[in-house]
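So, here's a batch of structures to check.
Look at the two complexes coming up: chain A is in both, with chain B in one and chain C in the other.
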Partner chain A sequence: MSGYFNDLFSGTKSLAVGMGITLKYFFEPVVTLQYPHETLKMTPRFRGHIDLVKDEETGESKCIVCGMCQKACPSGCITVEGEKKEGAKKKTLSSYTLDFTKCSLCGLCVENCKPEAITFSKDYNLAGPSREAYVFDLVKRMKERCSP
Partner chain B sequence: MGNYTELLRLLAYLVGIIAFAALNAAYLVWLERKEAAHIQRRIGPKEVGPYGLLQPLADGIKLMTKQLIVPAGADVILFKVAPLLILAPAIASFVTIPFSETLVARNINLGLLMIFAFASLNVMGVLIGGWGSNNKYAVISAARAVSQNVAYEIPMLITAITMVMVAGTMNLNEIVMQQPNIFKWYIFRFTASPLMPVAFLIFFICSLAETNRAPFDMAEAESELVAGAYTEYSGMGFGVFFMGEYANVVIGCSLATILFLGGWQSPFGVPADAHWSLFLFKPGILWFLIKLYLLCFTVIWVRWTYPRTQFYGLLNLSWKYLIPISLFNLLLTGAMLKVFQS
Partner chain C sequence: MSHLAQTQTQETFVLNLGPQHPATHGVLRVKLVMDGEYIVHAEPVLGYIHRMHEKMGENRTWAQFMPNTGRLDYLSALSYNFGYAAAVERAAGITVPERAEYIRVITTELNRISSHLLWFGAFVLDLGGFTPLLYAFDDREQILDLLESVTGSRLTYCYFRFGGVYNDIDDNFVPGSLAFIKRLRARMPMYHDLVTKNIILMKRLIGIGPISAEMCRRYGATGPVLRGSGVQFDVRKNEPYSVYPEFNFDIPVYHECDSMARYMVRMDEIEQSMRIIEQACNKLPEGPIMAEKAPKIIKPAPGDYYFSVEAARGSFGVRIVSDGTNTPYRLKLRSPTFSNLSLFAEASQGMLLADALALMGSLDLVIPEIDR
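Right, the complex of A and B next:
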């Protein structure tokens, strides 16, 4: 019989405590981010897909077309092509293609890049109508990023 | 000429009540979503209109444009009648609810009895809807809803009997008039029974169960029975069920307000020198609606606080706690009435 009343009172008390907690939360400020209207600033260590870094002096990519990123890539999603321009000592980058559908974001390419010509982008809003939309032309992306 | 005013009264009642029920259903859904969101520290609907206030309109249009699908093998008549069986009694119950001293469609002497009579039809709607859908989840849900309603109707009626004994009338307006200020509200009428707040609590819990609201939403257990008795309903069939459910919540809360919280009376009473421009002191529809919506808020608050328990837990609560306590309260009230008032 005492168990009956114990259950009754402790049960009622715990229900009241629960109501108290939810009421407290009701008046506390909202913690969610209103996503399409507000976005989070990504942290410095965020690993998006890779992007080329622009050399501020020349306005071109820092890439020396050594091909280390392409070799290091375990998924084989990087294709680097360069050409030797007339009179130039070094090769210059002509195209840098990233097939992001295969990329596992391991970052080996960034680690292996001696001239620090590639970084992780902070882009996480990725959506596209087809698989081909994820084969990025990074040279074009770099120019688009820098032009406006 | 007399017939003409009667007709007008009927028309005013029909239009007014249906508008009230529909608006309530729409905006209680909005309140529910907003309240749930803030309890979970979100914002809730905010895109359609300011503060998401036009969201119910968008939902309504969406429901109305959807096709009403009748599943193969369903009992078409029962299937189509069921939503109406939930909504119609709720609307009929509004006849006797006194919104203020004069604002009541029909001041019936047996108002309380009438509301309970209509409220018991509610479960019939769930049962018929579940049975008529020819769906196993719906049938299980209907069976649960019936046993749950049987269990919770008893303590609710016992509490109602207690209240009728104390008030000496079933006329809802007269019951309200007996509670002119906060100290005379029946919830604090300790001279009638020291267990009055408990009686209010029992009544409130039972009205939650009667309206199939969480944590008693056995009829609609989403996590185990898809949507229970409403599984096969689409478009406005489901919409009417929903309207009925919210109309029943409003009826339950109005009844709790009238029986225990002084209905349209102001909690401060009416001081003799009160100037009528002091709107807050004036008894009337404002106070009724404040109390009503505070209770509705609590109903939603309860839903977003407690998880649904298992079915036998609900039956245990009713048969082992609510019924004995309400019976004890009935006896106590009877004895106290006999001792102190005769």
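Right, the complex of A and C next:
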């Protein structure tokens, strides 16, 4: 019988202590961020989907069409195509397509890129009406980003 | 003596727990044969999230499997990164620089704390308490921010590489980690007052779901489940790897074998992980973060290799068989919760349904890792 009353007493006390804690936190400042009204700045290393880097000298992409990113990608979501322009020694990039529906954001492509032609974007607000909306044409994206 | 042993009833019914039940945390389905509120027979049904990770490993290069390891147990992805990277390093004979090992240990232990905090919140949520989850997530968010600034992702990390880590820690990481530890130490008494000493939690956990050490041995259960049954086994101590022998930490063990014991093991492990991080941050050596001689294309010598690490849920083992080419011949992943779940059928026999859910929560199941 004494155990019953002990339980009753200590149990009620433990509930009161818990309520006290929640009450204390109730009056403390709010820690949640009111997204989407407020947003956070992504950290410099944030790994979003990839983007092409522009070569400041030529105004074109830094990509040399070596295909290392395409080869390193575990999910096969990168397609790089290049063409040899007349009179040019090296290939130039004609299209760079990223199928973001398959990408697992591992970063192996960026790591394997010798000329540092691809980088992580800081986009995280990604939403689209269809699957095709995530097949990115990165050359077009680069030009849109760089044009004022 | 349980209710079942006393009465002999003819009428039983089948109850499907899951695959979409909040308490099964994912897509675990348990087929329960019930006698009223009591469980006669439980059968976990797997396969709802099978993605054939092991087979995938055989079809891609050694490095390309790395992102998959983060998708096994998404709550402590770095331990799985660690296990796989270390297994391949053992096979290819790569030595990791000391700084990289320290960074691996710090990030993995932070990940372990974040995993335990999430488990703590979700477990109490299973038992009907909502508020502690929000407090635990507040603390966990601090860890995610720290890890995001270093690894670049928040949940499914792919940070370790064969021979080191992807990139060096930033200037804010060590002070940030130490500040976080200070913060969490100050909050732990609050968690104990709010949850551990709560009469409802005590009544629902103490003496509920007994799992003996002998049962753990039969099913191969490891991690906090085993340590809650009074067996002092932790891969970090029993088969030390990386730089763990350099740190001073204890293995929490409870002999009660009930759900409360498993709960307490995890709560104590948070403190031990904080001790490891503190020591590692203070001793962090300078130097390279990648092995200089690490080859770009890995081709381990033909053979059979095994490496196990202590993940947040138990011993995670990677067995790789190499035939000397740039893809694994066979990749076997030994995941801890698969074994931990296996004992549920036996342990839950004759239990009340509500108690069985407390037992299931205390096993800390992560379904994508059970069902690879």
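We adopt the following convention: the second predicted complex is superposed on the first by the 145 of 148 C-alpha atoms of A that agree within 3 Å, B and C clash if a C-alpha of one lies under 4 Å from a C-alpha of the other, contacts with A are read in each partner's own complex, and residues count from 1 in each chain.
One rule holds for everything that comes next: a residue touches a chain if its C-beta (ideal position, glycine included) is under 8 Å from a C-beta of that chain, and two chains touch if they have at least 3 such contacts.
None of the values given here were measured: they were computed from a predicted structure.
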Fit-or-clash call for chain B and chain C when the two complexes are aligned on chain A: fit
Touched partner set for A:102, first chain B, second chain C, both or neither: neither
Touched partner set for A:91, first chain B, second chain C, both or neither: neither
Partner chain in contact with A:14 - chain B first, chain C second, else both or neither: second
Touching partner for A:72 - first (chain B), second (chain C), both, neither: second
Which partner, chain B or chain C, touches more chain A residues: C
Touching partner for A:47 - first (chain B), second (chain C), both, neither: second
Which superposed partner A:28 touches (first chain B, second chain C, both, neither): first
Touching partner for A:120 - first (chain B), second (chain C), both, neither: second
Per-pair minimum CA distance [chain C against chain B, superposed on A] in Å: 5
Footprint overlap on chain A, comparing chain B with chain C: 15, 18, 21-22, 25, 31
Partner chain C, residues of chain A touching it in the complex: 7, 10-12, 14-15, 17-18, 21-22, 25, 31, 43-47, 72-74, 104-108, 111, 120
In the complex with chain B, residue positions of chain A that touch it: 4, 8, 15, 18-19, 21-23, 25-32, 34
Chain A partner contacts - residues on chain B that touch it in the complex: 35, 38-43, 46, 301-302, 304-306, 320-321
Residue ranges of chain C touching chain A (in the complex, touch as defined): 60, 63-68, 71, 131, 135, 138, 148-153, 156, 158, 166-167, 170, 190, 193-195, 197-200
